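One structure follows; several queries about it will come next.
Read from first to last, the chains carry the letters A, B, C, D, E and F; within each, the first residue is number 1.
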Amino acid sequence: MKKIEAIIREEKLDAVRAALQNSGYYGITVSEVSGHGREGGLILQWRVGEYKVDFLPKLKVELVVLDEDVARTLNAITSAARTGEMGDGKIFVLPVENAVRVRTGEEGDNAI
Amino acid sequence: MSINAADTAWLLVSSALVMLMTPGVALFYGGMVRRKNLLSTMMMSFAILGLVSLLWVLYGYSLSFGPDKGGIIGGLDFIGLRTVGQEPSSVYATTVPHLAFMAFEAMFAIITVALVTGAVVERMKFSAFIVFSTLWLTIVYCPVAHWVWGSGGWLARLGVLDFAGGTVVHINAGASALALAWLLGPRRGYREKEPMEPNNIPMVVLGAALLWFGWFGFNAGSALTSGGLAASAFVATNTAAATAAFTWMLLSWIHRRPSLLGAATGAVVGLVAITPAAGFVSPVMGIPIGIGAAVACYYAMLLRARKMGVDESLDVWACHGIGGTWGALATGLFASVAVNAAGANGLIFGNAMQLGKQLLGVAVVWVFAFAATWVLGKIVDVTMGLRVNATEETVGLDISQHGERAYGGMLR
Amino acid sequence: MSINAADTAWLLVSSALVMLMTPGVALFYGGMVRRKNLLSTMMMSFAILGLVSLLWVLYGYSLSFGPDKGGIIGGLDFIGLRTVGQEPSSVYATTVPHLAFMAFEAMFAIITVALVTGAVVERMKFSAFIVFSTLWLTIVYCPVAHWVWGSGGWLARLGVLDFAGGTVVHINAGASALALAWLLGPRRGYREKEPMEPNNIPMVVLGAALLWFGWFGFNAGSALTSGGLAASAFVATNTAAATAAFTWMLLSWIHRRPSLLGAATGAVVGLVAITPAAGFVSPVMGIPIGIGAAVACYYAMLLRARKMGVDESLDVWACHGIGGTWGALATGLFASVAVNAAGANGLIFGNAMQLGKQLLGVAVVWVFAFAATWVLGKIVDVTMGLRVNATEETVGLDISQHGERAYGGMLR
Amino acid sequence: MSINAADTAWLLVSSALVMLMTPGVALFYGGMVRRKNLLSTMMMSFAILGLVSLLWVLYGYSLSFGPDKGGIIGGLDFIGLRTVGQEPSSVYATTVPHLAFMAFEAMFAIITVALVTGAVVERMKFSAFIVFSTLWLTIVYCPVAHWVWGSGGWLARLGVLDFAGGTVVHINAGASALALAWLLGPRRGYREKEPMEPNNIPMVVLGAALLWFGWFGFNAGSALTSGGLAASAFVATNTAAATAAFTWMLLSWIHRRPSLLGAATGAVVGLVAITPAAGFVSPVMGIPIGIGAAVACYYAMLLRARKMGVDESLDVWACHGIGGTWGALATGLFASVAVNAAGANGLIFGNAMQLGKQLLGVAVVWVFAFAATWVLGKIVDVTMGLRVNATEETVGLDISQHGERAYGGMLR
Amino acid sequence: MKKIEAIIREEKLDAVRAALQNSGYYGITVSEVSGHGREGGLILQWRVGEYKVDFLPKLKVELVVLDEDVARTLNAITSAARTGEMGDGKIFVLPVENAVRVRTGEEGDNAI
Amino acid sequence: MKKIEAIIREEKLDAVRAALQNSGYYGITVSEVSGHGREGGLILQWRVGEYKVDFLPKLKVELVVLDEDVARTLNAITSAARTGEMGDGKIFVLPVENAVRVRTGEEGDNAI
């Protein structure tokens, strides 16, 4: 099992979800994060003058997949989340040693 | 005539109450959009409070209430408030300073334009909005206000009754909203996914509460004097609002669960519907008018959402267009000269004619507002474009149009 | 008598101000519950605004202020506002339209029911709440209002003084809240863990501010005329609110730190306590009344939280029951005919009798409201059940009762 | 003189409206600070509402409006409201109860102190704030109010015009804010990083809306009677607010994008600037006064932020100090006895003297307020310390000063 | 050391915390996430009509434990978080290579 | 590649960011979390009386770094985030098997 953590643009969530569902994964966990990277920050206005906000809102999509599905899932996310502009985000793959489905107590691959 | 201090106090208070309704609209609408467009939605109402206050003083009041030109429009005598002073007008609200009447009417013009914004939130370009609003005030609002309320206005002369703005404010706003939403096209993602969830329902409720509060000035203030008629309009207003709020709550309950957003919407449509009738009908008529408003607007909204292809985003048409229409017709049904000698009897008091007049008023304003708005919108679209571009819309109008975000913090 | 336009303007404005207090309660209470019950808490007040407005017009006003039947209840002559018109009543507020007096009193009935909701938030079934409220208005509020304020009401005849609702509104609400909370039982998890943290203190403060603002109509409007008495009640009101807010702040500071939630609560209990006294005492008496209110309610709240086994969630009893009791008794202490010739002298002006009368009024309303509420609550409990089930309570009443959530967004 | 019920109703309503402005300030300022200081910022205004209401009744009114002592201060005759009763005063607002005038003036004292808080948010110790405010009311506000508005006050006698508080309220608050911010020093992290982002712009807008609404009472109420002058001041007020809001929006647009925070700020500075002029100038003069206010305050704010080394956090000086100065001078330019016979003609009506008098009033209040505040602040600093310590500031004043947080929840 | 990431129902946090404390772990980090899985979404109302929200609020509980405590901890969380209904959530176990306690600079097992 | 997850005090974000930037990492992802540890909770006030809040606001800073940069990065974060008081937080190091830059599709070390 691997855990896939994708940092994506907020507006790409629907596309990514659809792509994942197409590759058979509907179980995902999403959280609101703030990212800083190559992409420039946001210029906002105050009553007079302006200021820069360094962190931009991003979403972190987490899902655990079977080893054999990693490549497919990465492709699905990558193509769904891409705009080609800076700030499209990153995907990381982490090893997972075990998983448990709380409802049933099933462990390992069955829990996913 | 000389000034009556009590009438003046009542009209000034009423003007302040009506002024507060426009921030009420900002909150009511602001809470219903997505968070990324919250400021942009509030800004539309707030900018209108500035812009229309100013234009009204400059020429709007004069076009609407200046000396009649052929029943169609007011003359330019009151441009820049010339001759509008501390003495009463000789034709309008003759017991209060002319300036007080002018101020009261200003607040109506402001909120009418603010109401229209519900149709265009989340996608209209702010610059286009400002230009459109200026044109709309001048070419749609002022003439209609003159026709119905201006001394010598042709609809007024025909005997169309509109106590506080069923045609001038609500039908006008509702029909225009529909035309403009149609021109603008739907928001990106409209109907593809789940509806655009309201970002802040408590804010909607606060907005509705301020509207209800301010509406006492709107309707009871429209008596233009303090006394029995104002009290009667006050009670009619509260009764209709309450009845419609409760009815809408029941409708949502029948359908699924009693909804707070529904109750708040119900209150507003009840207030809309009682507006033209408030000073012509017996206060207890607020009950049937409120029930009718909730039912009519509820199903109009369902119809709009399911059958009509237009993303009239916050349902100005269903709430104000339909609510105002029902109210104008209900005036033709329930009006009584026993309540207001300056009014007329309605159908149930044996005067079917009045219903006909009301129908005429409704039809004229519907057609004129829809058509004129369509033309004005088209002109703005062709010359400067009505909509933000796709990226701006996706990012949200708060940042793309105003360079601001509603809730700042260390991170998000 | 003929209509006085200034008195009418003042009473209409006051009615609008009191109306705004119910949304004020919605915010004040809404900010103090957990977020999952925010809409449900606001909905209780908002639904009451609809329901009671309507019932009041239909029969509530008649039961309370209709021609007296044996000192106990009003007759049915005013059902559906029959004979309640633009002319003044011959017994109540004889210088303003009868409709204006009716509207003013409507707002009192509404807010009293809304106040009770503080006891039942976060666990009462909405359907049961609507049924209970209808019964309570009819069987508890209307009679008590008649006894104290109705022409011919038995407590009024005995000389019990209640300028703006210490017994009718506050003790009535407070005692009923206690009975109902007792029947309902505590919220799940109450006292097992940390207290239920308020979700939005700025919202509580906004609610308190609207209450303070509206209370000028509540108390100074209860003069029913514009003039010296209204001004005196106005100053007494502001002074008591301010003093109690500051006193509560100091109490929390002594205990730990100056609390904003405490200051807002203090303002409200000061307003509660001055309510029965406002038009009978010299305005500077707002100071001792305010201090007494803050101290009494603060310790009552501590007592309730630590010693009494009842989860009277937002402390309606401690704030309104105790605050109203203190205010009613303080009226018996500080009242002066120099302030209001229609009142009486209190103990410090040598009339110990008045304190006795006030005690009687307090005791009667306490006992009646508590007992009647207990019986009504029990009936509703047995027939339809008062509480939501455990899952509904855990999920939160916003979703389980109303199918809505306060703050929508892309994700949460 | 005898009481005029209409004037009384108008002044009581106006008092209630002005009272609401202080919670308006709480929201306006609260939305602009960082979230960790939101409650603390609101608390400053709310505590002042309690404290100053009380001090005003105890002695503030007497110092300001008691029988004149050498043009400098009022006598102690009105201490504890002694002899301030339901009958009119013989010198102030002679058609309304003396208590009504007292209440109206109380609200001005309250909001003036609340305005100053904008300079000290996010770092001032709450205990020091309470002590400072008490001193400041006594030693700065009361004398200045007496000089300008007290019967026999030396600036009044010289003919300085200030209709509703350009000098007494706004310059007083603005100059004092600057002095106090200077003493306090900047917030930690000020200018090192991005500016401190406003936590809640919708809250700022709601605050601005309540200010605008309440300002009708502030300015039109300052006519102290209901009639032509009140109506004229009402229109001037709305026109200036609207024009300035729109102008500031344009300024931000020229710079970058039309800003809602900017429009809300613009409305406030327009209201500030029209304050001294409202009842002396023709209403249409609200237009140049509004434009001037927006431009002057916009650039003053830029100057303060970029050139002056002082963290006057919410720009009380730029908004109220500069706005009030412009308004006071504009009164000297545009005043007309045709509008208000009790006023004077300004420069454009040939009376250059008046501008000189206005300049004198401005200079006196500037210098006195700045210097006296500096001394009082220094005394408080030396004796008890003005600032919280570094940890308290980092954690935020909500938790460190008040033991509360704005938004509670299961987790954050 | 292993990192345990448990996605649980919001209302189960107290039970999970108590269970963890019983097994000796009081240091935890919790965040608000949104989850989508087998569990149906939420039906909400609009002024008229209704709509479905796909993501449900969940909590993510993260804690790093010693290798020997993994099984015990999993059991503790599983039994505390279970209702038996769909949506009870999942637990994932990830390897951790090192840990640092910021306050002291201690590394490895001592840092937990 | 390793993933570094640092739980830090809110007020230390700027210092940590600066320290990371000095060691060459400007790409980071931050989220708001709630932590419970040795540090005591927060005492807050109610209208009367007070109550304790167990969870304190913390920030989670996540970044993926090259293997050779782990030690340096840990040092940078540790010294920037330290106050010496309880509640300074923890840092965990997790193995990462792959990374993808969404914008370009680059994988592995190049994606960081």
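A few remarks follow.
One rule holds for everything that comes next: contacts are C-beta pairs under 8 Å (C-beta built on N, C-alpha and C of every residue); 3 or more make two chains touch, one makes a residue touch a chain.
Here the structure is a predicted model, which is why all the values come from computation and not from measurement.
Touch-path distance (fewest steps) from chain A to chain D is 1.
The chains that touch both chain A and chain C are B, D, E, F.
Comparing the contact residues of chain B and chain C by number shows a mostly separate set, under half of all numbers used being common to the two copies. Pairs B-D and A-E differ in how many C-beta pairs touch across them, and the larger number is found at B-D. Remark: rotation between chain A and chain F after Cα superposition is 120° (nearest 5).
Rounded to a whole number, the gap between the C-alpha centres of chain C and chain F is 50 angstrom. The distance from the centre of chain A to the centre of chain B, with each centre set as the mean of the Cα atoms, comes to 45 Å.
The multi-chain contact residues of chain C, meaning those touching 2 or more other chains, are 4-6, 9, 13, 197-198, 206, 256-257, 259, 261, 402-405, 408, 410-411. For chain E, the set of residues that touch two or more other chains comprises 30-32, 34, 43-45, 50, 53-55, 94-95.
Chain C meets chain F in the complex at residues 194-195, 197-198, 252, 255-257, 259, 261-262, 265, 298, 301-302, 305-306, 315. Residues 3-6, 8-9, 12-13, 15-16, 19-20, 23, 26-27, 30, 38-39, 42-43, 46-47, 49-54, 57, 80-81, 85-87, 96-97, 99-100, 102-103, 106, 126, 203, 206, 401-410 of chain C are the ones touching chain B in the complex. Considering their complex, residues 2, 6-8, 31-38, 54-55, 58, 60, 70, 74, 77-78, 81-95 of chain E touch chain A. On the side of chain A, the complex with chain B involves touching residues 11, 14, 32, 34, 42-45, 50, 53, 55, 57. Residues of chain A touching chain E in their complex: 1, 3, 17, 26-31, 64, 94-103, 105, 111-112.
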